[in-house]
Amino acid sequence: MLQLVLFFVFGTIAVAAAVNLLAQRHPINSALSLIVVMASLAALFLLMGAEFLAAIQVIVYAGAIMVLFVFVIMLLNAGAEERTPGSRVAMLLGFPAVVLLAGSLAWTLLARNPRPAPVALGGGFVGSPTAIAQLLFRDFLLPFEVTSVLILIAIMGAVVLASPPRTTAGAASPEPPAKRER
Amino acid sequence: MVPISYYLVLSAILFSLGVVGFLIKRNLITLFMSIELMLNAVNLAFVAFAWQWKSLNGQVFVFFVMVVAAAEAAVGLAIIIAVFRTRETLNVDRVNLLKL
Amino acid sequence: MPQMFTPSPTLEATGPSTMTLNMGPQHPSTHGVLRLLLEIDGETVVRLMPDIGFLHTGIEKTCEAKFYQQAVPLTDRIDYLCPLTNNLCYVLAVERLLGLEIPPRAQWLRVMLNELTRINSHLVWLGTHALDIGAMSVFLYCFREREDTLRIFEMVSGQRMMTSYFRIGGLALEPPLGMFDTVRKFVNRFPSRVDEYENLLTANPIWLRRTKGVAYLAPEDAIALGATGPTLRASGVDIDLRRDMPYTGYEKFQFKVPISHDGDVFARYIVRVEELRESNEIVRQTLEGVPEGPIKADAPKIVLPDREKMKTQMEALIYHFKIVTEGFPVPAGEVYQAVESPRGEMGYYVVSDGSPKPYRVHVRAPSFANLQALETMCKGRLIADVVAAIGSIDIVLGEVDR
Amino acid sequence: MPLAPAITDLDQLKERPALARLLAWNPDAVEAAKLDRDELTIVVKRPAIREACAILRDDGKLQFNFLCDITCVDWYPNEPRFEVVYHLLSVPRQQRLRLKVRLAGDDPSLESITSVWPSANFFEREIYDLFGVRFSGHPNLRRIMMPEDWEGHPLRKDYPVEGYR
Amino acid sequence: MPDNYFARYLPILIHVLFALALAGAIVILSTLVGKHRPSRVKLQPYECGITPVGDARQRFSVKFYLVAMLFILFDVEAVFLYPWAVIFRELKLFGFFEMLVYILVLLTGFYYLWKKGVLDWNKPEGSGL
Amino acid sequence: MLRLYVEEKMLSITTFVIVSVIKIVIALAVLLTAVAYTVWLERKLVGRIQNRWGPQRVGPFGLLQPLADGAKFIFKEDLTPPYVYKPLYIAAPILSLVLALTSISLVPIGNWVTVRGVRTPLEITDVNIGLLIILGITSLSVYGVALAGWSSNSKYSLLGSLRASAQMVSYEIALGVSLVGVLIMSGSLNLREIVDMQGGHMAGFIPRWNIFRGQIVAFFVYLAAAFAETNRVPFDLPEAETELVAGYHTEYSSMKFAMFFMAEYANMITAASIATLLFLGGWHGPLGGPWWLQAILPVFWFALKVFGFIFLYIWIRGTLPRFRYDQLMAFGWKFLFPIAVANVLVTSLIVALQK
């Protein structure tokens, strides 16, 4: 019962925040809405016994990825979204599309899972760090190692893309001639 | 207990909101956020299935999805910065040429 | 936002990612009401422009409306951290215009008090400079010793800061009994206190990182930009007016002039800290054998008589009345008198047209000149270095703006 | 030290190295000279000031490499009204020298010496601000002490001490 | 206890609500109690007493982005380290080499960043970073 | 995983919630008092370091000074400038304070207690992944700072907040990695279990604290990173008042400013608690005496260790100058992070070879 209540509370928060993400025109508001979505999803993960994932969801998604988004919005001083003709058409089509899409998705998902609810789980099934680790470092060893390569490539790519093009004169640094930090 | 179908419907709603956001928003950064929203919706479905089948594999998948999302965000936002540097705008309607 | 104040100069950003920032006049580390216009890229300074004049009080103009002796208290207010040095410089200039010789006892006391003033001023500098770089405790330790010097000033003149103790033709009063003992106690205690400051700073790795190699000023730049005093000596230019062009009897004392060739914030720090020790030694020397004798020149038409004489002798009363009401005429001519203030060469250019009021008094303020070197020091460095650089040139805004 | 009378005769003073150097360069540039209270003053004609400064700075024997001060004196209502006063110091030789330029009241302007000493920048601005003397070739000749919209030049003698009422 | 696994997290939720109520109360209290005498000068953005020129929200150095980017990538690494550390005593030497390979790959990236000067903050922008 | 929870299973949900609420109220009260008196202690200690008396007018030894300060803050003018982005401007201090107050809920301060037959741990809740949740909360606290500066729309605030957030995320990495060594030693993310692992002695007298079991390097990395995370001297650049006036809270006044202040000190206490739990054996210490003393001593030891940390914070504040920004970032990335990674590798190699 408590779980059901909490599911509805956090589910509602998540959907409301997601709608707000679409409704807001300033990207910083959208980013904050997305953080709320992620936090409530973390709570939902907890409801389903994925405690480790819930923590990671907060640390990585809300605490790191969204920080990057917020930084970029601050960095580019991205103002409110402009209204263009395209966006109005999209708005008109958008809301029916949500309903349609959500309906069809839900139907597909549920149709493939005809059983309503599994037996009560109690506290038995928990994605504790130990359990996850045992899977991760035994069964999923190769994907784990591959992620390091993925991250390596991401680091290099991001640095190359984000670095400003080398300027010649102008902004070049007027370093003092002789003495530098020792 | 919460039936699994509730989670799946929630996941579907969030996913379609992400899709719609991707279609209607015109700001590059918000587009990216819509993608993150879709990824999150998928994660929710993964966890829900993991819960249903009592198999942690689903949770491990989510773990990897997060790593990919992190890398994707880093590179994607770097691209946005690069685009912004030359175009001075984040509106997708004005960034419709592939050349930088 | 509507314009509320008189228009102030602005700096236009020159690059796409730069922004202009006002540092001051209401800023904790600009040492008063200095305003710096910064153009920054991230945190790197691209351009820097000092904007001064917030403390302009028109002292030079006011002097022209006063008698010569009435201008002495005005000079206190020019550089409020070393009022006695200002007194001394002005008084020396007028004495040279008059051709007045002052007795040795007054000269010795002038040297003693002038060096105590230097200690006082350097202590304020060290404290605030350390505070700018984040070392909070040194500030209070420095002010503890500064309190001692201020007490000495209070003993001799009745005032802690605006002393006006040096007068044209000598000193205002005979120093009180026990003053030399107080000074001796201070002098004996002070070197260990300097060690204490150095313990906290000189070997501190964070302090070294913040100061070494920061705000470099090459010797040729230092001369071209008019830097003086410790700032110039820290760039390796060996000049100290006390030694090279002695005045008021400095040639009688032995002292070293610390110089450094590094030209950075740390060099300026070390030079000043060494000056603290040297000044202390000069004070110690002055204590040994202060000559006996009068403290005022024998020039009844210029020097005010003692209170006692004024009350008992008719002649003294008349002189007193005449000096106070009419002043004294000064032979026409002009004099540029420079002394080594804690901040560098302080010069008073006094022009007389033969009347009892100075025709023109101009103050060559060392901080005014040092301030021009700031942009060269800070270009291409970080905002935090600007703070360190301002602290290291030790500006006093009262003197810059006058 | 009783006051000795000032020597103002150019012939008596021409042995002085600084004056000799300037006379050797251009006798017409030197208007007058004075030795008073051990201070040598050379009055330089207006067009020559920048080059005179450069010569005094660069001469191997004189080495007046340091500009101490620039200021101005207003002799209103006498003419020439303004005297711009330069104080030079030779750091290696520990000698001082005063240069002067006299300016008429109706056209108080002369060449800036910022190209010789960058440190002249603030001093010249101050003089411009307080006396209204213009320096041609100055990179940034704006008011420095007074607000930008201030009227008048406060250190002029015809500017009352209490300000205009 | 109906379901004691989730109940363990319930107090955190209650705690957050309490903290939120407290913080909200403080804000409301100070708005109600504090005096309000705004004036034009008081309401200016602080820029040391000078009317500011230009918008504060200007663009900033890319360095800040790069540092956030480094943060998420190395944060992911740290996140992998936690479960690994927890079961390290089971994995033994195998786990050590497993992680050694992982860390070495990432340290390559770290070395690249170091050489590229991303970690040097005293270099101004435009000097090729 | 349910080992510790078995006892509690008897409780009904109502009792459980009531017990939790009581504990939360007590914890918040204690924490806020501790914050107030940490400020007092800081002023007092720094005053003594600097030859001053510090607060002494309000109450004996100035003990009522925090109350006076609080009252003053409340009665100060609460200025919301017109140029700020209001929702975020108000949300930022709330966010900072809420996160700072929340992380204490995972910190155990002692053993289990039984009151009227209700057995409960001396912390608000004991979860499996307590450390991770604290890290998650810490990682969220960046937003408070970043949004405060951005929404203020003032140059000094923005510079300060960018500095602060870049600094916080940078040191978070070093901080996070420095903890891994401890995790290897204890094999758990549960703070209570980590502390339990540190009970007892080695070689007769050395406590089995992690700091004595080879984690001394990690301890110092954590210490430096925690100083930076809480924006304390010598890493207090975000609010370096001599450079950026007041950093990200330049535009804040009254209680909104005080909330950042409280958050900073609450974070300090949390950081000190974590260090105590992970490296200094938590509440372990010499025990003895009558039963009531034995019941109280663990909490006393814990408080003493936390106090030691706070003392260290204050002492360093009175002693050191401040880093420059580039030096700070270089210190975090080029020094602390490699050391933390090396510590992980060395610790794991040693542990792997031991068994």
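Observations, loosely collected:
To keep things simple, chains are lettered A, B, C, D, E and F as they appear, and every chain counts its residues starting from 1.
Note that in this section contacts are C-beta pairs under 8 Å (C-beta built on N, C-alpha and C of every residue); 3 or more make two chains touch, one makes a residue touch a chain.
Because the structure is a prediction, the values reported are computed rather than measured.
The chains in contact with chain B and with chain F alike are A, E. Between C-D and A-B, more C-beta contact pairs are found at A-B. Centroid analysis (C-alpha atoms only) places D farthest from chain B.
With centres taken as mean Cα positions, chain E sits 21 Å from chain B. Here the CA centre of chain C is 47 Å from the CA centre of chain E. Centroid to centroid, with C-alpha atoms defining each point, chain A and chain E lie 15 Å apart. Chain A and chain F have Cα centroids separated by 27 Å. In chain E, the residues that reach two or more other chains under the touch definition are 2, 4, 9-10, 44, 47-48, 52, 55, 57-60, 62-65, 68-73, 75-76, 82, 86-87, 95, 103, 121-122, 124-126.
The residues of chain C that reach two or more other chains are 1, 8, 15, 19, 21, 27, 41, 43-44, 46, 209, 380, 382, listed in rising order. Chain contacts: chain F has residues 2, 13, 83, 127-128, 132-133, 139, 150, 155-156, 158, 162, 165, 169, 189, 245, 325-326 touching two or more partner chains. Those residues of chain D that touch chain C in the shared complex are 1-3, 6, 36-37, 39, 41, 65-69, 71, 73-74, 85, 87, 89, 91, 94, 96, 98, 117-119, 121-123, 126, 130, 142-149, 154-155, 159, 161.
By the touch criterion given at the top, residues 6-9, 52-53, 56, 58, 60-62, 64-65, 96-99, 101, 223-226, 237, 239, 244-245, 331, 333-336, 338, 345, 347, 349, 351, 359-360, 362, 364, 368-369, 371-372, 401-402 of chain C touch chain D in their complex.
Residues 2, 28, 32, 35, 51-52, 55-56, 58-59, 62-64, 67, 70-71, 74, 123, 126, 128-130 of chain A are the ones that touch chain F when the two sit in their complex.
Residue ranges of chain B in contact with chain E, taken from their complex: 66-67, 70-71, 73-74, 77-78, 81.
Interface residues of chain A facing chain B in the complex, by the touch rule stated above, are 3-4, 7, 11, 14-15, 18-19, 21-22, 27, 30-31, 34, 37-38, 41, 44-45, 47-50, 52-53, 56-57, 60-61, 64-65, 68-69, 72-73, 75-76, 78, 81-82, 84, 86-87, 90-91, 93-95, 97-98, 100-102, 105-106, 109-110, 113, 116-118, 120-121, 125, 127, 131-132, 135-136, 139-140, 143, 147, 150-151, 153-155, 157-162, 164-165.
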